[in-house]
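Read from first to last, the chains carry the letters A, B, C and D; within each, the first residue is number 1.
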Amino acid sequence: MASVAVVGASGFAGALCAALVERHPRLQLDVVTARSDAGRVLADLYPRYRVERKLEPFDADRVAEGCDAALVAYPHGAAAPTVEELRTRGLKVVDLSADFRVPQELYERWYGPHPAPKLLGEAVYGLTELKRDEIRGADLVAAPGCYPTAALLALLPLKEIAADTFVDAKSGVSGAGREATEATHFVSVAENLKPYKVEGHRHQAELDAYFGPATFVPHLLPIDQGLLATCYVRPSREVTADEVRTLFEDAYRDDPFVEVVDAPPGVRDVRDTNLCRIHATAVGGTVIAFAAIDNLWKGAAGQAVQDLNLMLGYDETEGLL
Amino acid sequence: MASVAVVGASGFAGALCAALVERHPRLQLDVVTARSDAGRVLADLYPRYRVERKLEPFDADRVAEGCDAALVAYPHGAAAPTVEELRTRGLKVVDLSADFRVPQELYERWYGPHPAPKLLGEAVYGLTELKRDEIRGADLVAAPGCYPTAALLALLPLKEIAADTFVDAKSGVSGAGREATEATHFVSVAENLKPYKVEGHRHQAELDAYFGPATFVPHLLPIDQGLLATCYVRPSREVTADEVRTLFEDAYRDDPFVEVVDAPPGVRDVRDTNLCRIHATAVGGTVIAFAAIDNLWKGAAGQAVQDLNLMLGYDETEGLL
Amino acid sequence: MASVAVVGASGFAGALCAALVERHPRLQLDVVTARSDAGRVLADLYPRYRVERKLEPFDADRVAEGCDAALVAYPHGAAAPTVEELRTRGLKVVDLSADFRVPQELYERWYGPHPAPKLLGEAVYGLTELKRDEIRGADLVAAPGCYPTAALLALLPLKEIAADTFVDAKSGVSGAGREATEATHFVSVAENLKPYKVEGHRHQAELDAYFGPATFVPHLLPIDQGLLATCYVRPSREVTADEVRTLFEDAYRDDPFVEVVDAPPGVRDVRDTNLCRIHATAVGGTVIAFAAIDNLWKGAAGQAVQDLNLMLGYDETEGLL
Amino acid sequence: MASVAVVGASGFAGALCAALVERHPRLQLDVVTARSDAGRVLADLYPRYRVERKLEPFDADRVAEGCDAALVAYPHGAAAPTVEELRTRGLKVVDLSADFRVPQELYERWYGPHPAPKLLGEAVYGLTELKRDEIRGADLVAAPGCYPTAALLALLPLKEIAADTFVDAKSGVSGAGREATEATHFVSVAENLKPYKVEGHRHQAELDAYFGPATFVPHLLPIDQGLLATCYVRPSREVTADEVRTLFEDAYRDDPFVEVVDAPPGVRDVRDTNLCRIHATAVGGTVIAFAAIDNLWKGAAGQAVQDLNLMLGYDETEGLL
């Protein structure tokens, strides 16, 4: 049994972290913190999650006193100093922000000066299917972005044969966060589908770091939860649909949260689960791979808990089935 | 041909006013104004409407110089002083706010001190089907609220026989306006239906003023445009379904925008139209009347143009079919 | 540990029954049956539920051999003979159809000749909050309809003071079942809200049987899961909001799945839960009560499992939290 | 003034054809036909369109007697014999099916034996922006498929420089037609996004015929109207974003229904219009072009009327603004 704090529990990902920790058989939710919502009860903000806990202002000493580990769900830039305070006090940390996902040079190209470069060395990228062994021994894990989670799972088995790669990704609105803006207004989203950040989305950094060159375009879907990455790969040599399928089955044979299926997945198939459903094939010489996840689960909070399970020596599926 | 200004054209209702005026065969759109969005082109905010005009800051003299009439789409309280400036300069005005819809006493009970009480005397309530003749001669018309438009059209033919009245109303999100708030965030609205302002919604004032006592509860629907009022009336005497139907057919025989139909209307049936579709019947002794409108058309901008048509001596359907 | 069959597991309610039984700590899913989908794997029809079991054609002997109890999710009329076959073989049965919900006379008024009148005597109406003790000793329980579940929970505490009652109910599309029709086509539902069966919906029978006279109008919402009953009650004597609130708190103090809350509930607040959230108040002399449920959970499969828990002597919340 | 029949007016595209013809200043709607819905009034099926005409069974002589032209909205295979009957009687025809869109060989590869090969010679492909002059003189025009309309408009200006091409397309449900199936059930579509026909969609034939090799994958969106094609092109030589932009501006300078814009379009921007909004750019060496249309307008009925306008010598925008 480990005692856990969720720092920044009032956002979509943080709130789900709190709900997952609270239901977890081997974790105990000790503290939930928030900035502007401090003082409110989490269940009032997110009735469905039923976490009857009062949000507190963040206090590193208070958190360190009671907790063995923390899930930090702050925006990038704001996360790193908080993570540093918690690491200094000896807590294991999973950080859901972008602050520790990629090497410093890449970080600074996409996000600006790094707020805690010294910690970068100890951080492990939390895509479990890629870094399971390193995560097991880690004290600081950076949970991947939602788009890279789906895109990397769809692309990594193709790394050796990808000559040219295109990722057309579509995400539900919860991926844009809880802030009320013109872009997240119901009337802007309903009956719409809109590409955005075509000139460059920061999640590109993770594709560059862990896969290689790929053209990546995100689109906003009129749904709340769910993300699909449709990946087109021009292979460097001829491959059959069967070979492609075998590549994926071999790659994910032992991964409890990746399902390789024989028809294209809908995002609804994985809603409210930590699963990534993948269909990969070759059609007319093109390799096409689809990966569907719930952006709040496998794309954020679910994967963070999966990482924490490993860091604490638990089975990675604990509390996530 | 009359020259028209739309004051406050960056909100949902104001933008549709501008679009309707621009396509109108006998109106000419001369000025569109906005506060925070001044300088932007309306077509960039609302691509579907394709009104390629730059929003200007409001200037009463500038508006009065070129225009015969104005549609004012400001929030209540802010509207009255602007209306006053325009009336002083001789323009005919349709005000879409609540400022001139009800007598002063009722206004102050629901909205607070009235900002321009002297003008109240000349204002006519713009529910065309109720006040057509007065609107024809008016210089200042107050376009009704979206909920009262549907509820009054469903209730007025029943006024003589209504002993007890309940209005269960449901509106799309565009009725809540363009402001980005937690309540209008896509994730709050999608897959939801939520009652609100149960203790008292300001539109009650219009029901009180033009119908009489009625219990009224609004609900927020996960759609952008559309409003349904389901009205339950305990009658003071027995009535048959046929009698009820006849009451409505007689009441609206000459109203071009009210359709009395023989099955309950869906809000989709009137989307992007100025129509109100009504079905009224009696079941087991209860009178039930449904009225469906598009809250932005008949519930706001469409009805405002319908009013303006009458004020200018045109046919009320001009530019609205 | 009890062994359970789900008969008719390919519909929306039946499939959720199967999923709830499979995850239940004290139930074991032994058989899932279906008619036209026999031979298919349930997880292929409902990927989210992940029930990897093959649907079999129904065979009463086969079911009786392995199972202690059955959940029957057939349409009304078709359910009764199947229930009879299972009861003859000694299984405890929860029937999700209308066949055993109301006395014979009422049944025949709304549904036609009863297919198994002899069994009616032993059937208990499965609204747990109303009939808990009888359900505990029952061998045959009729799970209530989705609309009556919400409406009765909102109305029963008001039974003594209700002089005139109106139920405006709104349900998501899953309540209409899995059959593909013009009414369930995405294009008919999206951006719509539509009243239906205004002249009489069969669920009226349950209101008549367990509450008394009430006007009831259902509406179809553009969401998949969720149901709200907005109930208007003209009381026979003056009551305050506090009195109303106390009536509900007293009524549901010991009911684990009813939450009396102090603001109107959205249907999203109870999505994918077995909860009924109720807000009740008095405004200007009218009593208003809102009840929100997930129509597939508390309105169908969840409540059926809640019933089965009691019939088997388990805690009613087992497997439902 | 020309007199027009709409043959197959009960489907989504046919009904919009009827609505567009009825409002058209230079066309007169003479006959609307349907098969299973014959006898019903079109306005009862599609209240929003308000076409108060009774659907008749198809009778070629009856149509030929009164009409100068026909819009045929039948499924492929069924369309060709009907078109033949009308052409034999001298009517100008726009066919909305696939039957006359591509050369016989391509047709037979994707659709099977051609039902009227002799007519293929006189048919012109109705993508106005590609074939305007030929359409002007044509008696038989094949309105393009919805996906090819968007994809071709996004790709044709790139034909000379496209070395490798990928089209990721997303369409609203109305594109799947009015038939009620498991795939069009609200509960299958809501909160979902699903790729389909990955192994080959018949619209590929039009891309092959008018553009060249391209990988094409369609996805079903949870909206009713709207289609976006996101096109990725690996260019055969280096191009800048400015060059790409210029290619498109030059290509569409004189096309009234194509808007080249400087930000990625949402499908909502073109809803209920005949416009195609295109944004094209180059990012990191990849050319990316987005085209958004309303699949029922520019992707079907709107384009059919645009074609008919040209065939009759009218301005192509008549009745479509």
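Keep this in mind: a residue touches a chain if its C-beta (ideal position, glycine included) is under 8 Å from a C-beta of that chain, and two chains touch if they have at least 3 such contacts.
Everything numeric in this text was worked out from a predicted model, so none of it was measured.
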item: Farthest chain relative to chain D (centres taken as mean CA coordinates); value: C
item: Magnitude of the superposing rotation for chain C and chain D (Cα, nearest 5°); value: 180
item: Result of counting contacting C-beta pairs for B-D and A-B, higher pair; value: A-B
item: Centroid spacing, where centroids are CA-atom means, of chain A and chain B in whole angstrom; value: 45
item: Rounded Å distance between chain B and chain D, as computed from the means of their C-alpha atoms; value: 37
item: Two or more partner chains touched - positions in chain D; value: 188, 190-191, 222-224, 265-266, 268, 271
item: Complex interface listing, chain A residues touching chain B; value: 12, 173-174, 178, 180-182, 184-191, 222-224
item: Contacting residues of chain D [partner chain A, same complex]; value: 164, 166, 168, 170, 188, 190-196, 198-200, 215, 217, 219, 221-226, 228, 230, 232, 234, 264-268, 271, 279, 281, 283-284, 286, 288, 290
item: For the chain C and chain A complex, residues of the former touching the latter; value: 47-48, 50, 190-191, 265-266, 268-273, 277
